[in-house]
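Sharing a structure, written as structure tokens. Questions coming.
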Amino acid sequence: MNGIRRAATYTALALFAMVLSVAPAQKSQYAGTNLNFIVVSDQFSAALEALAPVFQEQTGINLRVTVLGYGELYQRAIADFIGHTAQADLYSTDIVWSCQFAENGYLTDLASLIKRDEAELDLDDIPTVMWTTGSCGEQQIAFPLVGYAGVLAYNKAAFDAAGIAVPKTMTELATAAQALTKDGKAGIVMNGQRGTPAAQDWMFYMLMNGGSILGPDGKPALNSPINVETLELYADLFKYAPDGAVSYAWGERVTSFSEGSSMMMVDWSAGLDYLREGAVPVSGSAAITTTPVREGLDPVYPFGGWGVGINADSPSQGAAWEFIKWLSSPEVQKQYVELGGKPIRHSTLTDPDLVAKYPFLSTILEVVEHGDGDFRPRITQYSQIEDAVGLAVNLVITGQESAQAALDAAQATVAPLFQ
Amino acid sequence: MTVTTRRRWFGNALSYLLLFLTVAFFLLPLIWLIGTAFKPRLLSFSVPPTWFFQPVIDNFFTIFRQMPVLQYLRNSVVVAVGSTILAVVLGVPAGYGLARHPGRTSNALAFALLVIRMVPPVAMLIPFYLLMRDFHLLGTYWSLILIDAVLNVSFVAWFMRGYYAGVPRDMEEAACCDGCTRFGAFARVSLPLALPGVVTIALFSFIASWNDFLFAMLLTGRNTRTLPLGILESYRAYEVSWNLMAAVSLFAVVPVILLGFALQRYYVSGLTMGAVRE
Amino acid sequence: MISSRTTDLASPRGNAPERRRRFRLGGRTGLAFWVAPALLLVGVFAIYPVAYSIYISFFKYKLTDPTKSQTFVGFGNYLSALADPSFVVAVRNSLAFVVGAVGVELLFGLALAVLLNRELPGMALVRSILIAPLTLTPLVVALVWGALYNADFGPVSYYLKQLGFQLGRGPVGEPSLALASLVVIDVWQWTPLMALLLFTGLRSQPPELHDAAQIDGASHWQRFLHVSLPLLKPTILVALVIRTMDALKLFDSVFAITGGGPGRATEVVNYYIFKVGLTYFDIGYAAAMSNLLLIIIVVLSALYLRVLRTPGGAS
């Protein structure tokens, strides 16, 4: 089944390439250049690997895509920047690295290039929140590569069978989780593993409940009353989660939902494999919707994603920028979605053919229109904040500390970093 | 039956039972790994676990599509063999020298070499990365070969020192009455005598180098990525594909197990000499 | 080096004592000849990283700091480490882990070695099978056991629950169980090394001593305690040094399974250093902690060597 789908995709790709090359195939002025692109191993990377030969066909620029895991990517990138070794011309950059990379000048500031080519880029077609994937103040050090919507994935069949409506508020979420925890199934599943997994997942709920990492003065306020409340709520939800959830990372969380062991989870729209027919046991029963919001608050949804940046040390600045423009063009964006990527353009998200085939695009659109890309502060100190939060969350869900004490300790760890 | 015979029979039966349990303990996870590599994705998580199933080889097709597994295998072989050769060629004579010149200097040197191996690898990572940059060796096989050789040569020297301490000098001296040089005596007599030890420590060096992923993460380039990195790659944090990870792991695991089996007779006697004499 | 060679060639064939004297005439020059290449390799490629690590430990330096400032703080980093609750807990966990893991491996390995020493058919096969865990990539071992331990769909948890054990949040989810679960993984991978080392030690013991003891009427157990064990001391020493050194550098299972959790239960020094050095890129502080860990390892090894070195026990 998978093989046939792949064959069909590649055939489509080949036809697409042929069509594009029938149009005046102006090889780029940079034809013959070699570009190295290091990408994180999220699902969209497969799309980039598939598009590389098409790009070469069109422009004569040889794009080599290397796919690395998150940790490895980060360490390699920093080592590359520090050592000025120019191992890659293009890097996928996580949204939260934006200011750290900007302040250090690791990547070329694209702001002037964007201004120069704005007609070609049709900037109005790119939703505002997409730019957070690479902006820091006035600088834009990465161009939107993929936008992730934080969504609520749920087992529609289970909800229908139990006669429960899809939760829209935090209270409804807790009620639904409780109601669906029966017959050996868990109502909801979250990441509990200490560190980034727990921190990331909890921060979804923090946004959903109206909390924030930073206070109005831009300094951390981890132990604000709302955050403490959210952490208590989160810990409470573990009653309705699988036993081992306290040590789950994304892999186990997604598996638990995909196998039909858990009925709900808040997830990024990165893969959405469980919506693909026949992929996993829960395909066909699963659906996504926007995340619940605390009663009385205006809807704000989690937004994340990756940008693509040009290594400041790269000798091929022009060719790299050409690739970025090519990838973000509407025609390529459409193909990108077909190959598993998630689009950055409004027009792509509303394209009738695509929406018919991938109904989840409308959910993503809604999230993007009310998305907050800053709920995880994109500042230099982010990894240490995340780590402190990750420890606090884990301590509370394993019953070792109260939410107030844990967040107070986290706040104490993090405060000195902001002097 | 006499009392002693019955006791011996009982003792043997007990021994076999304990051995069986022990072997089962050590083998089962390995069997799980091999089995998972041949399971379709849906089965890798079944509760209760499935021990009997129809094996499939799709996972191997998938991983070959996702990453150049054979290239990773080749790279792992090049790095492991290269660093082992370097470590052995430099370390065995060093160990011999240390054994044949006992004394304070020799003890101090031996301990100093051992200390290199005690250093937490994280401490050496960034400085070594910068060093390799300055030598223009980043992304080549040499960067990994060098760091692995450095870490292994100390262990080789330390181990061979213990080994040679237990090898009598008479045969070397006998060889020298035929007018050979010190080095000749070493090459012609001492080295062959120590073959089990050399093979043992070479095997351990090979394994250490083969399994490294911390240094490989920073020092390899597009074309020199090794198998442990492939395993990390297949363990995509997002949708963990245990079956794919198991399939890639087999490439990392099976060659070394086979190598170990093949060299089995060497390292048992090799461990004798190296271990008893300190 | 040349001098010792010409001495050898130039001298007439004398009797043995003269030749032996000539061997020692090489003295320190001879030693230098043998170790020079190895020392050269280590000197060029290891001394710089180690020296840099020591140097930078006296500075406050973050690689990702835009200002790239290196502030000299003397022993500041070391003092911060000793006051850092994370570091202190990590050291405690690491030591607890070493005691647990190495202790169990020693006992289990000893028992296994004794078992293997009994001449029963099939032992060679068992020994071949036993080295399998040793050859595996520690990272793979960690990932495999992580899957086996999964509280909800891991076989180990499943069967333990069938046997009636209450696992709560799972072997790696319960704070009280987590470190022990990691010890089990270490025991699984490295006991064969202990067993093989000790087995070869037992094998090489001269049978005369055992026979003498038997003639004197000693029982199996007494023979073991008073003959086998003392003779095994050098082997045990080697095994302990190797395993302690490596157990203190535990990393893969924490990295792959627990991330230091639940809470701080499995936070170990090497993992904390990795986090500080390669995620925060605070390399001054990481270097200081590495040096502290190194000191701990060196001290422990030296202690073993002193305590277990028996006069006449070694060669």
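Order of writing sets the chain letters: A, B and C. Residues in each chain are counted from 1.
The rule is short, and it goes like this: contacts are C-beta pairs under 8 Å (C-beta built on N, C-alpha and C of every residue); 3 or more make two chains touch, one makes a residue touch a chain.
Everything numeric in this text was worked out from a predicted model, so none of it was measured.
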Other chains in touch with both subunit A and subunit B: C
Far-end chain from subunit B, centres as C-alpha averages: A
Between A-C and B-C, the pair joined by more C-beta contacts: B-C
Rounded Å distance, subunit A centre to subunit C centre (Cα mean): 41
Chain centre separation in whole Å, for subunit C relative to subunit B (CA means): 14
Set of subunit A residues in contact with two or more other chains: 75, 82, 249, 252, 255, 259
Numbers and ranges of subunit C residues touching at least 2 other chains: 63, 152-153, 278
Multi-partner residues of subunit B (each touching 2 or more other chains): 45, 126, 232, 235
Parts of subunit C lying in touch with subunit A, wherever the complex brings them together: 63-64, 66, 150-154, 157, 167-170, 172-175, 257-264, 275, 278-281
Sites on subunit A touched by subunit B in the complex: 36, 41-43, 64, 66-70, 72, 75-76, 79, 82-83, 85, 87, 249-252, 254-255, 258-259, 270-271, 273, 280-281
Touching residues on subunit C, where the partner in the complex is subunit B: 4-5, 8-9, 13, 16, 19-20, 23, 26-28, 30-31, 33-35, 37-39, 41-42, 45-46, 48-50, 52-53, 63, 112, 115, 118, 120, 124, 126-141, 143-145, 147-148, 152-153, 155, 158, 188, 191-192, 196-197, 199-201, 203-204, 234-235, 237-239, 245, 249, 251, 269-270, 273-274, 277-278, 283, 286-287, 290-291, 293-294, 297-298, 301, 309, 314-315
Parts of subunit B lying in touch with subunit C, wherever the complex brings them together: 12, 15-16, 18-19, 22-23, 25-27, 29-30, 32-33, 36, 45-49, 86, 89-91, 93-94, 96-98, 100-101, 105-106, 109, 113-128, 131, 146-147, 149-150, 153-154, 157, 162, 165-166, 169, 173, 176-177, 179, 181-182, 207, 210-211, 213-214, 227-228, 231-232, 235, 242, 245, 249, 252-253, 256-257, 259-261, 264, 267-269, 271-272, 274-278
Complex contacts: residues of subunit B adjacent to subunit A: 41-42, 45, 67, 126, 129-130, 133, 138-139, 217-218, 221-222, 229, 232-233, 235-240
